[in-house]
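Look at the two complexes coming up: subunit A is in both, with subunit B in one and subunit C in the other.
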Partner chain A sequence: MAQPFLKKDDDHDDEVDYSPFLGIEKGAVLQEARVFNDPQLDPRRCSQVITKLLYLLNQGETFTKVEATEVFFAVTKLFQSRDLGLRRMVYVIIKELSPSADEVIIVTSSLMKDMTSKTDMYRANAIRVLCQITDGTLLTQIERYLKQAIVDKNPVVASAALVSGIHLLQTNPEIVKRWSNEVQEAVQSRAALVQFHALALLHQIRQNDRLAVNKLVSSLTRGSVRSPLAQCLLIRYTSQVTRESASNTQTGDRPFYDFLEGCLRHKAEMVIFEAARAITELNGVTSRELTPAITVLQLFLSSTKPVLRFAAVRTLNKVAMTHPIAVTNCNIDMESLISDQNRSIATLAITTLLKTGNESSVDRLMKQITTFMSDIADEFKIVVIEAIRSLCLKFPLKHRSLMNFLSNILREEGGFEYKKAIVDSIVILIRDIPEAKESGLLHLCEFIEDCEFTYLSTQILHFLGIEGPKTSDPSKYIRYIYNRVHLENATVRAGAVSTLAKFGAMVDSLKPRIFVLLRRCLFDTDDEVRDRATLYLKTLGADGAVEDMKEFLFGSLDIPLVNLERSLKNYEPSEESFDINSVPKEVKIQPLAEKKAPGKKPTGLGGPPPAPPSTIDAYEKLLSSIPEFANFGKLFKSSAPVELTEAETEYAVNVVKHIFDGHVVFQYNCTNTIPEQLLENVTVIVDASEAEEFAEVASKPLRSLPYDSPGQTFVAFEKPEGVPAVGKFSNMLRFIVKEVDPSTGEAEDDGVEDEYQLEELEVVAADYMLKVGVSNFRNAWESMGPDCERVDEYDLGPRENLAEAVNAVINLLGMQPCEGTEVVPSNSRSHTCLLSGVYIGNVKVLVRLQFGIDGPKDVAMKLAVRSEDEAVSDAIHEIVASG
Partner chain B sequence: MLLAILISNFAGNILLERFNGVPSEERLHWRTFLVKLGADNLKGARNEELFVSSQKSVYIVYTVLGGVCIYIIGKDEYDELALTEVMFVITSSIKDACGKSPSERLFLDKYGKICLCLDEIVWKGILENTEKDRIKRLIGLKPPNPTEI
Partner chain C sequence: MELCPTIKNILLLDSEGKRIAVKYYSDDWPTNAAKEAFEKAVFTKTQKTNARTEAEITMFDNYIVVYKFVQDLHFFVTGGENENEIILATVLQGFFDAVGLLLRGTEDKKEALENLDLILLCLDEIVDGSIILETDANVIAGKVDSHSMDAGAPLSEQTITQALATAREHLTRSLLK
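This part shows the complex of A and B:
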């Protein structure tokens, strides 16, 4: 009878709104932790203190090394207590404290004792804690116990050992790989979770052995897997095996498809979904194969569980990119999801519908989206905007309604990213759909009348300056632009002045009026605005060549801004003025192919990648510091490192090709991966008999190459000046090897001369091409003019698909793809790719490639080249003809 | 990999968090992101109603349990459905530890026990136990019932 009253009291307590940790303070808790040292331990009190420590750690509180170590030492005393609850807490706090404490090794003996204890639960927990604090040496000592634990009859112990194995594989792979047999046995365990953990570990152990994974999958797909989680893993591994073996099958029967299809009838939703997704992701999946998977996903669309609806619509969204017709059957279910409470689901449904819908359904969809847009967050809106942009490019005839939609939402409230997505979409539509140009420009003009984002205003003004003068009535934009000069901040005003100048330069009839407006800007309060106005008045008013003026106003800055910024920062004011031609033009900075630092794995959370090191500068500095190469002149290009050895060989060597006008320098980056060896006097003997135009002129050996400390050796060749000579070079690494005593690290005095064969290396035409992009290809193409244009057609023969052909030509020429044209939509029958670059001798080159593919997959290509020198245009054709 | 488990109160204060394989400089971003996600969507949500979202290549499943909000982030094999499984284990274990869906106060009262539960459920980003009854025994260092195996 007392129970209800007690419960009521509990409830009453709950309502008191204070935290048991109210006013908790690290110093005080550390003081309290002294109870761990009491001769008579109070388990309850100790547990409370540990809870407080856990709370502090979970609140992001950090302990100094000294504090953590002190607590850690005190905690080890608690192993004396026989209280089970306290012991469990001790295991947790040791794991939490170990990363920040020194001397964690002091708990080893206590843990080793627990690990061999008769109490199963001590064993399981001790294994987990030991694995957290272990190093290679300790691991070798406890390996025997861990192997026994993997096949322990108690599933908790087995799971603890297996999960430890998964973690230890990252740090001590060679030890964990020795447990294969035990793990294999655990895969057959009757305990579902043991099977799940064992399968995950076994796959990780064998992941680089394709045959072994194939065997594993074959045997398990025939047997029974107990846990749905393990079954999901199996489906993933099966799907991986299928993907890798698909290219080997000639018969058309896909291995393991029946297994995947069978999983669609599994009782666990998780397994059904995994199988459906695996089927949709099969390479070249056919409609027949897709149908059963789409059917189950369609059923999930109307599930009461939001997670299932989300999973299904997310997968269908992906399928819609490659097989829109297969997803059309789900359109009705998907339309009902537009009103789903979960906005992620609604957004995915909308974007899928936009991909699968036909031209006639566009208007209806847009109506639904209009109501939907008002109650979703900006991040979802951006996804929708991007889908609408693709839809408009797919159905250009619908540009009016889609453009109206974009302009309407542009007027509504929204953050910068959202507005930017809309503006970007309008700009792309204007560029790609000529009929949409005038209305699009007007929408943009209206937007800048009330735009709170300086960046967007200036971008639009810049765009107006390029596109506005080419319209039928350029004068109608002037009012919007000139309004900016009155109403906006200095940055926008300066942008508006530049735009006005562009109108003046392009439209003669407007020139006098533009002059009047520009003159008014001479009285602006901001010096940048005044300077620009003065400059443009002078440029436009000068009698010089019109072409020069247009080049000045419209010409793209053909050097990357980041390079310009760096050069300007390095420039020291002196008599000699800054030379813009000294700025390097290479767009992509190739990172040095150094050995990756161990333990630095990508986090997978999409965090920003670290900025690439400025290797071009580094190369230039390095080469100019070597006297033999100092007189080679300016470095034109450095290639990406080319591997000359297989992965995981004794010596890892890659080469960087440095191209000068009359020379080529090979920089061999060498790494010695054998701890017991020291290499000295390392050189590369290059045989250039298949590179007739090259003559070796210098070689710089590497004096010493200790273990795991990369070094470089160089070989330089002379070649005819300015000529894109090509050739093949075979390489032999020659060195003196000395034995090293691993305990002392000292090398023996005497060494033996040895050689090591490296892969061949080629200097190809692409090495003479710099990847330099242009911001607007059409403008660049038109301004280059047809004088040095060379056009020809080529038959590229049978290819797997268009994308492969496009990639092959891009790689052959080594040029920079522009405006994302290197991406070929799947199943395309034709494609245009735009490339830009600078050829040796600093000659700008633009290339327009038009591809077409016919039934038997024969690819034909039309190549149009424009450059500043017809000999270069011819050279590009020669490269393609001989490639 | 289970990248994070985060439990907060309705005001967005973090009560408990466990990150795995997430660099410390990215954690603040995730805390802010999750708390905002909860503020936008969990208002008026039913107890234990599941919410799901994805951000780049990771999945997020979150819910309300009594007076606390629980968020789980996973990637690769821990997709939205696997996370649902994890969420189910977490919510049922917390209810078990607290005797009911906890208020914030009750959650903090049972903080130590809940930490132990989470330690049994997820270890360094890998799901280890999925049965609440087994977890209940394990946190008391009692072996699982043979029938549960």
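This part shows the complex of A and C:
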């Protein structure tokens, strides 16, 4: 009998690669699992088979639904055995198989029996298994036992119940919240880990009640928490409380600081470190408060344990960004870490030193780094480069030695990301330090002479085209650029041609020579290169068009490239030339990448499939293919889908609002989720009595809507041209329903007319606003001018916090936040947010919002609008005033 | 911010980076391919370091990984970038020492695979769905080993190896008490 487990002593010493699982095969193991059904169970053998099954799962093997169900049912038989070891394995494999709801029922009674058993191990594990696989309905049945288990004498049982409670709180909060009293009792437990688990659960139960958390924390910081892990939790909770109660600065005394400082003398390293880190992260921490934390971190720096050194140097590195002076005391310890075996530690040490170093120590440091650079990985080098860049910006006088360093390492071997970091740094230094410009540009020129990365070459050529002509002697760069035309691939050649043209446009004395060079490019083998050369020769040669030329060469393109690309692909060669103004300017919203894996329990087929990504051109294509809507003109905007039904109802319907200049089209995406039904002649009856300015003009029914294949029906309205009319619409889905025989899939001939009430839908002001960003808000704002500016102040009333108020206004206006101003730093009392967009009628709108919290929660807002049209500026104010 | 210390995964790999036993507690790696890619990255990154006397640490892709090696066994514990490094190291040490106790000093791949059931139970006792259950190696090993003996099988039906194993288990059990 081939039982690898029993072969132990046969090939004991001769094979190095011996594994008890050699040649293991899923099919054979599944066969072996039949021993679970034997009337006389052999516990040892059953354990071995379970181990093999777990081994397969652990190696990434998957079981089909049928296989998993079969194994699961066989495993449930093993509850008959009273063998402890086997039972442990049964618990583990049940968790791994994560049975479906109807399968769970089979083991429920066995597990509930174990839950009330006298054996501690049974109770603890049965709780963990049952809570992991159960759903809410069962929970009420076992709640009583769980509450008992929380205060069980045996710490393992108590911990099992508490940890399960933490997991269950995510799905069944209302039940777990009822256990507060028991959990509170468990916080006082003498067993360290029970205390930790109880504290974690208690805090999560109360986390939305700030007062209760405050009370919990202040009572515990006075008492004695025994477990180091629980103490770490407590430190985290206190820093959260401190962060949220921002009104302490006037007295100078920070609540709980004494507690944190006391924790620095705890005997467990994890607590000391947690406290030190918490102190360094306090809002507006003073150097007096920092000192004791820095002192313990400094001790960690010379520890024999790499983990401690790493933790300390990483924290100090962060402190160095805000309080470089506080960290300078550690510089000597830090310098000895440059040669640390662990490269992560060495890199962190170096970058910390670069941040805390003063002007006089720069040269010495650079010497140390040069020897260090050669033996670290690219990703660490990038970190070092970034540190050097900020150092150079801090000490501009040192730019010569730092720039030299950068150009030296630029010449050495390295991957793309690394080279890109260096080039980016040089570019930034050139931009910010005028004295560094000429030498920096020459370094870049030398680099492209021998650069294997097309992307970097073209970036540098582009940059040269902008900065080069402004230098004292632009002619010296021409040679480097023209060399590219001879030696590189087509992409770089085309870039070089554009750069040459820029020199020609900016520097009159060079123009004749540039002409000669460009003419040579007319014989290039590549179309793009020839085309560019021809174009530039023509435009540069024309008289009086210098300003146009400059705009063309240096101006920015305010159209998203993706949109342009798609429009060009859709353009069919014809008499009419391509019009760049027809390209939609709306920034396409990237659908968020799905990070979370699908939930453990599949939702079944009930849920509607996710709506297709709302790309405006897909809609445009769809709408223009419908003759009724073809004459509505250019599509201005399509909204994101709005759900009109609850999840998991018989019919799932959502709506997309398409806005045209004089029309609005509602696109209803319908899904039929009943397999036994076929819907025909589906329409939506819209009642527009609460939308006075709209009049229905057309509707396009959906002929047939079979099970689970989405279809669309449309209703079109006319509205006053160019006017942002708003209104409410109520919707009724009307259709003829036909029974479908599930076995044959054929529908009966006779159908019944039926209706289905949908939720209301609103057309709001934001529907008339396109999200269009601007690259430089201040420039755009200045160039728009104050002619049509409207400023007013609003009281937004009590709000949870500033971020919520900012979001509410952004959503109300439907505009594009610029320069990351939609993000509000936590605890700030005031904030400025910049928005841009295009209003219906193609009117550019810029908005500056200034928020301030006054009083406890009252948010006030100053709204300044600039646009090309006074009426539009007023309209924006009206939206806010009525919203 | 995650307030409760969170473990993303625990890995036990061999000297070629192949899996012996792994357990993931986070959705960051939804597929087996993603998991294997992570393991490969971790292994290649740490392979050349000397993590035999003290636990070592590295950081990449916004994860903190602490690790320790013995013979051809490579132990790893991963946490998020804001996790307390020392807490992660404590979990690693608990796992490492518990496996040492369970394998009774002969810590190598062969022994680990032969006692894979114990290692899997050990993982089950250390972390429950990303929350730390226990970090004390003696307690972990005690919980795993205290009942791995099967009392039912008559001695005559066991092979010599089995009998020896049973005897050894008896011995360790009494030692661990």
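In this section, the second predicted complex is superposed on the first by the 540 of 883 C-alpha atoms of A that agree within 3 Å, B and C clash if a C-alpha of one lies under 4 Å from a C-alpha of the other, contacts with A are read in each partner's own complex, and residues count from 1 in each chain.
We take it that a contact is a pair of C-beta atoms (placed from the backbone, for glycine too) under 8 Å apart; a residue touches a chain by one contact, two chains touch by 3 or more.
This one's a predicted model, so the numbers in the text were calculated from it and none came from an experiment.
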Do subunit B and subunit C fit side by side on subunit A in the superposed arrangement, or is it a clash?
clash
One more residue to check, A:Arg44. First (subunit B), second (subunit C), both or neither?
second
Just to be sure I read the superposition right, which of the two partners does A:Gln240 touch: subunit B = first, subunit C = second, or both, or neither?
second
Can A:Tyr794 be said to touch subunit B (first), subunit C (second), both, or neither?
neither
Look at A:Tyr455 in the shared chain and tell me whether it touches subunit B only, subunit C only, both, or neither; answer first, second, both or neither.
neither
Looking at A:Tyr122 after the superposition, I want to know if it touches subunit B, subunit C, both of them or none. Which is it: first, second, both, neither?
first
With the two structures laid over each other on chain A, which partner does A:Tyr257 touch: subunit B (first), subunit C (second), both, or neither?
neither
Return first, second, both or neither, reflecting whether A:Val307 touches subunit B, subunit C, both chains, or no partner chain.
both
One more residue to check, A:Ala191. First (subunit B), second (subunit C), both or neither?
first
In the overlaid three-chain picture, which partner chain does A:Gly85 touch, first (subunit B) or second (subunit C), both, or neither?
both
Subunit B and subunit C footprints on subunit A, overlapping residues
18-21, 47-48, 50-51, 54-55, 58-60, 84-85, 88-89, 91-92, 95, 121, 128, 132, 156, 159-160, 163, 166-167, 193, 197, 200, 229, 232-233, 236, 269-270, 273-274, 305-308, 310-311, 314, 342, 344
Quick one: which bits of subunit A touch subunit C in the complex? Just the residue numbers, please.
6, 8-9, 18-21, 42-44, 47-48, 50-51, 54-55, 58-60, 62, 83-86, 88-89, 91-92, 95, 121, 128, 132, 156, 159-160, 163-164, 166-167, 193, 196-197, 200, 203-204, 229, 232-233, 236-237, 240, 269-270, 273-274, 277, 304-308, 310-311, 314, 341-342, 344, 379, 595-597
Could you list, by residue number, the parts of subunit C that touch subunit A in their complex?
1, 3-5, 19, 21-22, 27-28, 30, 32, 35-36, 49-50, 54-60, 66, 84-90, 109-110, 113-114, 116-117, 120-121, 124, 128-129, 131-135, 143-144, 146-153, 159-162
State the interface residues of subunit B toward subunit A in the complex, per the touch definition above.
1, 3, 14-18, 21-23, 25-26, 30, 40-41, 49-58, 61, 75-77, 79-85, 99, 103-106, 108-109, 111-112, 115-116, 119, 123-124, 126-130, 134, 138-144, 149
Across the complex, what residues on subunit A touch subunit B?
10, 13-21, 47-48, 50-51, 54-55, 58-60, 84-85, 87-89, 91-92, 95, 119-122, 125, 128, 132, 154-156, 159-160, 163, 166-167, 190-191, 193, 197, 200, 229, 232-233, 236, 269-270, 273-274, 305-308, 310-311, 314, 342-345, 377, 601, 603-607
